[in-house]
Amino acid sequence: MYEARNLPPPGAVAGELAIAPDSPAPTIRVCRYDPDHLTETTEEGALTAESLAPTGGEVVWIDVHGLGDEARLRELARALTIPELALADVVNAPQRSKVDVLPEHLFVLAHQAWRESDGKLGTGQVSLLLGDGYVVSLHDGRSDCFEAVRQRLRNPRSRTTKRGADYLLYALVDTLIDLYFPVLEIFADEIDTLQDEIFADAKTEHQERIFSLRRDLLSLRRGIWPLRELAGALVRDDSDQLDEITEQHLRDCFDHAALLTEMVDSQRDLVAGLNDAYLAAVSNRMNEVMKVLTIIATVFIPLSFVASVFGMNFERDGRPWNMPELALPYGYILFWALCLGVVGVMLWLFRKNRWF
Amino acid sequence: MYEARNLPPPGAVAGELAIAPDSPAPTIRVCRYDPDHLTETTEEGALTAESLAPTGGEVVWIDVHGLGDEARLRELARALTIPELALADVVNAPQRSKVDVLPEHLFVLAHQAWRESDGKLGTGQVSLLLGDGYVVSLHDGRSDCFEAVRQRLRNPRSRTTKRGADYLLYALVDTLIDLYFPVLEIFADEIDTLQDEIFADAKTEHQERIFSLRRDLLSLRRGIWPLRELAGALVRDDSDQLDEITEQHLRDCFDHAALLTEMVDSQRDLVAGLNDAYLAAVSNRMNEVMKVLTIIATVFIPLSFVASVFGMNFERDGRPWNMPELALPYGYILFWALCLGVVGVMLWLFRKNRWF
Amino acid sequence: MYEARNLPPPGAVAGELAIAPDSPAPTIRVCRYDPDHLTETTEEGALTAESLAPTGGEVVWIDVHGLGDEARLRELARALTIPELALADVVNAPQRSKVDVLPEHLFVLAHQAWRESDGKLGTGQVSLLLGDGYVVSLHDGRSDCFEAVRQRLRNPRSRTTKRGADYLLYALVDTLIDLYFPVLEIFADEIDTLQDEIFADAKTEHQERIFSLRRDLLSLRRGIWPLRELAGALVRDDSDQLDEITEQHLRDCFDHAALLTEMVDSQRDLVAGLNDAYLAAVSNRMNEVMKVLTIIATVFIPLSFVASVFGMNFERDGRPWNMPELALPYGYILFWALCLGVVGVMLWLFRKNRWF
Amino acid sequence: MYEARNLPPPGAVAGELAIAPDSPAPTIRVCRYDPDHLTETTEEGALTAESLAPTGGEVVWIDVHGLGDEARLRELARALTIPELALADVVNAPQRSKVDVLPEHLFVLAHQAWRESDGKLGTGQVSLLLGDGYVVSLHDGRSDCFEAVRQRLRNPRSRTTKRGADYLLYALVDTLIDLYFPVLEIFADEIDTLQDEIFADAKTEHQERIFSLRRDLLSLRRGIWPLRELAGALVRDDSDQLDEITEQHLRDCFDHAALLTEMVDSQRDLVAGLNDAYLAAVSNRMNEVMKVLTIIATVFIPLSFVASVFGMNFERDGRPWNMPELALPYGYILFWALCLGVVGVMLWLFRKNRWF
Amino acid sequence: MYEARNLPPPGAVAGELAIAPDSPAPTIRVCRYDPDHLTETTEEGALTAESLAPTGGEVVWIDVHGLGDEARLRELARALTIPELALADVVNAPQRSKVDVLPEHLFVLAHQAWRESDGKLGTGQVSLLLGDGYVVSLHDGRSDCFEAVRQRLRNPRSRTTKRGADYLLYALVDTLIDLYFPVLEIFADEIDTLQDEIFADAKTEHQERIFSLRRDLLSLRRGIWPLRELAGALVRDDSDQLDEITEQHLRDCFDHAALLTEMVDSQRDLVAGLNDAYLAAVSNRMNEVMKVLTIIATVFIPLSFVASVFGMNFERDGRPWNMPELALPYGYILFWALCLGVVGVMLWLFRKNRWF
């Protein structure tokens, strides 16, 4: 998220589109419904105001997957009178999440998050435009975030089909925000696993996983954080595009974003705690290693000295003061007794200092 | 708290309930009182507006334990015209603490905290709805937080029975907030114990306890923090549901929440300090270990060298310069004198550098 | 400060008093003055509105030491029409510092700090109520903070006796706040001492003193911090209880509280710096220890090896390649020359790497 | 950025210019255009209001490179009635980024950033003044940030030439802000590289690169941060110098500044994480070193002791208790068996404790 | 700065002066000027309203050095009707920086900073009072901060003499704030020096210099920080004491204070980075020491073991399995070959692990 991917070069005039080279060509799925009927088509022909307009109380949902064809996108924008700057914000991802009131649209720019199959965090920008009787959703097609909404529309008892386009906007925003919760739960699980592993046995790879968690949470946070302020933006917006119920539902959504931010902040705090715990574990480990070395060395170095002493070659013939102990009948036994005594005292001292 | 337990799946429509699988079926205790009488019953029959409504100046407290039966909860909501979104907030815990003014209710969503018998921190969401002459309290039944209020109502001299439903709401909120104080005192005790233990003898388990404290305080803080803002929410609320005295009492409550937040923040700061102290203690310990090793090694390594020297086999016959000291009559005595000298000098140096 | 001492149990109704078991019974000193006269008495009889009321332009200062008798306190509250909630705030310490405008009083709740004779930080809650012609001050009697004000009143040239009760309120608040400065100076001295000691020779006890400083500063900060906001509270208060001069003086007081907060924050920052310095000192110390060990070991371990070599028992008779150096006439001299050479090279290397 | 370069000495009167000694003399490029024509000249003669004024719907862009000639700058200021204080802000870099509404100009003071050829971060102050029909841009000429805009103007199909001077102002600000994105991408790459290198093999130089990143990000942040607030400043500005479309475009610009700040903050957070990772890597490395030492020492020190024992010279003639094992026919074999046994047990223990 | 130097004792009444015992007696320099004339005198006689008042369009600057004489200061205050509380703020340093609108004066309380000759940071409080046609500046005389302004007034072409007293106030504030820039530049130089030194060779003294920088920057920050808010205070002030140009100039001043705060904050951040770098350098150093020890020990400990083995005294007569290698004709050569082999393998391993 926000890893400056396809921004136009500096000096580009506003409204210029910087199409990402790997972005697929747009697939435009059009879904028309009223309380009784639902038709889903994939629009492949010319895009005109007429072909896309809702007819008679119908709601039209135009879901665009892939942003890889400038001509097609401009055609869509012309048909729906989407302003040039808004289209640039849609394509030149990443932008900051925001709610804008355009002359004929309510423009919600948000981000979705998902876990890739390899466990990595995927993020993408999703743009929603609420017009008169229709909603346009645009994203780069890497992850289909709105399948759940589509399922729901197909359900004949769904309430969504009984309400207007503004309620569809709400359902889409709500889905986007709700999709963060399972992602956060995976993070929570990973933090728990890391916690158990680090306290059991801290390894170098944990440091990498901590750093990667840190990076992902930072990325998530920046995607969610601006959404907190959106409730306020909606309140100040006096446009008539939202009826009161939808507005209330949307505010509820952005309250969830506030909850999400707090959850992410908590997780960031926990990850910082894990980092501390990791460092403490490494220190503790080194402490253990040093203790083993010290115990072995402090026990055997003096003993080795004693053994070396009795290996000295002082001449003893006629020199009674030179190493008389070598001549003792039980000198060797005494030597071992001395060794055991030293070991015993050492171990007692270590035990007393709680070294093991 | 806030460990995303029973949220509906992404794409769910607002108002959908995500009942936690282990949530018990609701027990609905109804308590009716006026200044002179008090009746406590457990409602097991049909829930209708009539059966629950207060009659003649009476106050009704409907206390719901357990949220495990969607049909029953919807029946209750219908009887009391609780809006669908509010019911969803009640069930789909955890939500952020808040005060909402609903068409016919004042809705307070808060969290309680308690210590489980195994010393762990338990947290749960508690919802309170103030209607016309009645208060509904709902929680998942894991901890009965309102027993103290029930006792008080039974006391014939209690002032609570002499006031209206809004005063009951206050008494419940007040109890919820006051329940945090003993929890915080347990934390304060644990911090004191940890402090003493760490300064006496830092162990690996302390790191785990510090991390767990950090986690619990983080959790507590997020439960209490939004309550600070509630006083403001009440002021902006111009509904007539609260008389002035209750409003003043409620503000007093939320002032206590501010105090709680400050106490939690202080404790978090102290826990951070404990972490520093733990790391310093580990470093100090390693320092001690290294000193022991260094003292032993620096004393005995040179001595061992000397002993090894006198164990060398240089031929001495006719080579007067080869190890003449071995032939000294008191060479061995001199050797020991040298050893004692080296030891003495070393110890004096260590003492001078304050190593022990 | 704020170590939840005598709060009522959860579920208690507002207004209930939780008298601390060790709180002494109240001593009520009444001090009446006008510009010309001053009478100081200790009120031991019944407390009635008449007995306490100021007569004819007089100002009455009712100074209550000790909060250990609920009946007596309630008698006082009744006599002066102090609301129940305010009395509860007075007794159920600790509360958050605040200024409240009550129907007939201006209520200032603040905290004092002092150094106990054993050097520990003592803190206590002080409540001030400004009524019509009188001021009530209440605290738990552990430290008599207002002796200086009493002295001043006795001084016939004092300006305080020439002004109204509101000016007395100011004088009391001012004294409370000024009492923080000497406490902070003691902290500043302790930080300086710690700094000198840690940079000279970091010891384990310093860690404890750092932690204790951290705890005390945290405690102080929470006592002073809310006072910053009180100036604003006074401005919004349109009651006529304060004349303009007093209001200006009080604002000056709360400006001092802002200065205090900044001083405490600076000291907290310095204590954090001391903690870093302590950890660095411990690391440096370990570094020194390791260097000593390494110098000794790297010098003597190779020498010991050489000595061991010349102690080997290879058979040399008829095997001219086995240890011919043992037969050299000056082999031993050469050995020592080799040793000195190795030592010299080592020391030169260490010196070059600036190890000593 | 902000490394106090050429500020006037203290006590200087406002409006005094502190020309940097190495600042080149100004080159004044004048670019006049209307939708159909474009003329670019370098103004070397006298600067008068007449020579610079736009004629007939024309827009004039006066681009000043180099600020090294006070007389010339004052001449320009006089010709365009630029206030003295504004000119001082232009020259006495660095100033804080800001938008000021002057009597006849809108004054935007911003900073540009670029990467020098040696990889270092270059920053410079850029001042923009929007007057009636003209824009003046001034910078010290170290990096030509507006070449892209010049190219665009030369393009006959460019929309910029079809709009007024205020749109040119927007295009310049937009370019300045967009120039930060490639700089940030270079930082992002460097952070990725550092991450890989540190996790692979932490070296001392990484610490220096981390510190340098920290310094550069700090510098960038202070250049961008004030720009966030500029959108608000424009809204409060009721001057008629900006038409609505330009204002909207400028707000879009400053939204990008908000995004930039968030990106910089994220990068700062990641750099802090890298620092932690570096320290952890150093600790881990030391751990590895200690383990090797400990394994070698704990294996060989006991063995050396045993070998020393069998090298002792206890007299064995007629003293059967003195070292009888030396006389065993397979004593030496047993010795090696013992050694192998000790090594085996040690290695098994190390393996069990997962030391390698 | 703010090291509570000469505050009155607690309980002192407002307006009491706490003269610092080492404060010199006031020197009162009076400087009168109009666009054409300038007279500088030192006032030693009685201070009366008449003797100090400006006459006929003149501006009077009364510069008071030294605050060591209460009577003299009170005389001055009486002559100029300076309120008692303001005089107390002037003398009882340190106070928080502020702008106050007094009945007849505009009161600016700020702090100056300078470097003492021994390199230490000096700070002092400076008070400025703007009255009708005159400015009073008061400071304790330890550093003469306004010499530059005096020089400027003497310059016949100076613009300052052509404007009113409010412009003089601006010139003084501007000088005070500008004096921070050279101080900050010295800090910046010291940070650069420290950076170079620490990355080259971290020493214990660096920790002390880091701590001292931290302390000084903290002190500076608290002196500058409140000045940021002063621009706002001036805007809210509707007094007629400042004409519009001066007000604009003063705002420019306080903008510089904002820039200063940001510079100080950056420097604090860099100092924190230096602390990290220092700790990392200490760790690295220890790592190097440990590596040397480990290389030496792991090379020689096994070799010593082998040498010890060949020094054992197993009986070999008739026991062919006891140490047959001692009888090999080239055993000693083989021994050295073994030693060299071990050393080679070890060094190859160390090289492979990039230990040197």
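When the chains are written out, they are named A, B, C, D and E in that same order, and each has its own residue count from 1.
By definition in this document, a residue touches a chain if its C-beta (ideal position, glycine included) is under 8 Å from a C-beta of that chain, and two chains touch if they have at least 3 such contacts.
Quantities reported herein were computed from a predicted structural model and do not represent experimental measurements.
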(message) Using the touch definition from the top, how many steps at minimum link subunit C to subunit D?
(response) 2
(request) Compute the shortest path length in steps from subunit B to subunit D over the network of touching chains. (result) 2
(message) Strictly by the touch rule at the top, which chains does subunit A share as contacts with subunit D?
(response) none
(message) Suppose you list every residue number at the subunit B-subunit C interface; are over half of them used by both chains (same) or under half (different)?
(response) different
(request) Go ahead and note the Å separation of the Cα centroids belonging to subunit B and subunit E. (result) 41
(request) Provide the C-alpha centroid distance between subunit A and subunit B, rounded to the nearest whole angstrom. (result) 25
(request) Would you give the residues of subunit D that are in contact with at least 2 other chains, written as numbers and ranges? (result) 279, 283, 286, 290, 293, 297, 301, 304, 308, 311-313, 323
(request) Output the circular ordering of the chains, read from subunit C in the direction of subunit E. (result) C, E, D, A, B
(request) Could you please specify the touching residues of subunit B with respect to subunit A in the complex? (result) 2-4, 7-14, 85, 94-96, 98, 201, 204, 207-208, 211, 214-215, 218-219, 222, 275, 278-279, 282-283, 285-286, 289-290, 292-293, 296-297, 300-301, 303-304, 307-308, 310-313, 323, 326-333, 335
(request) Could you pull out which subunit D residues touch subunit A in their complex? (result) 146-149, 151-152, 158-160, 170-171, 174-175, 178-179, 181-182, 184-185, 188, 195, 199, 248-249, 252, 255, 258-259, 262-263, 266, 269-270, 273-274, 276-277, 279-281, 283-284, 286-287, 290-291, 293-294, 297-298, 301-302, 304-305, 308-309, 311-315, 319, 321-323, 354-355
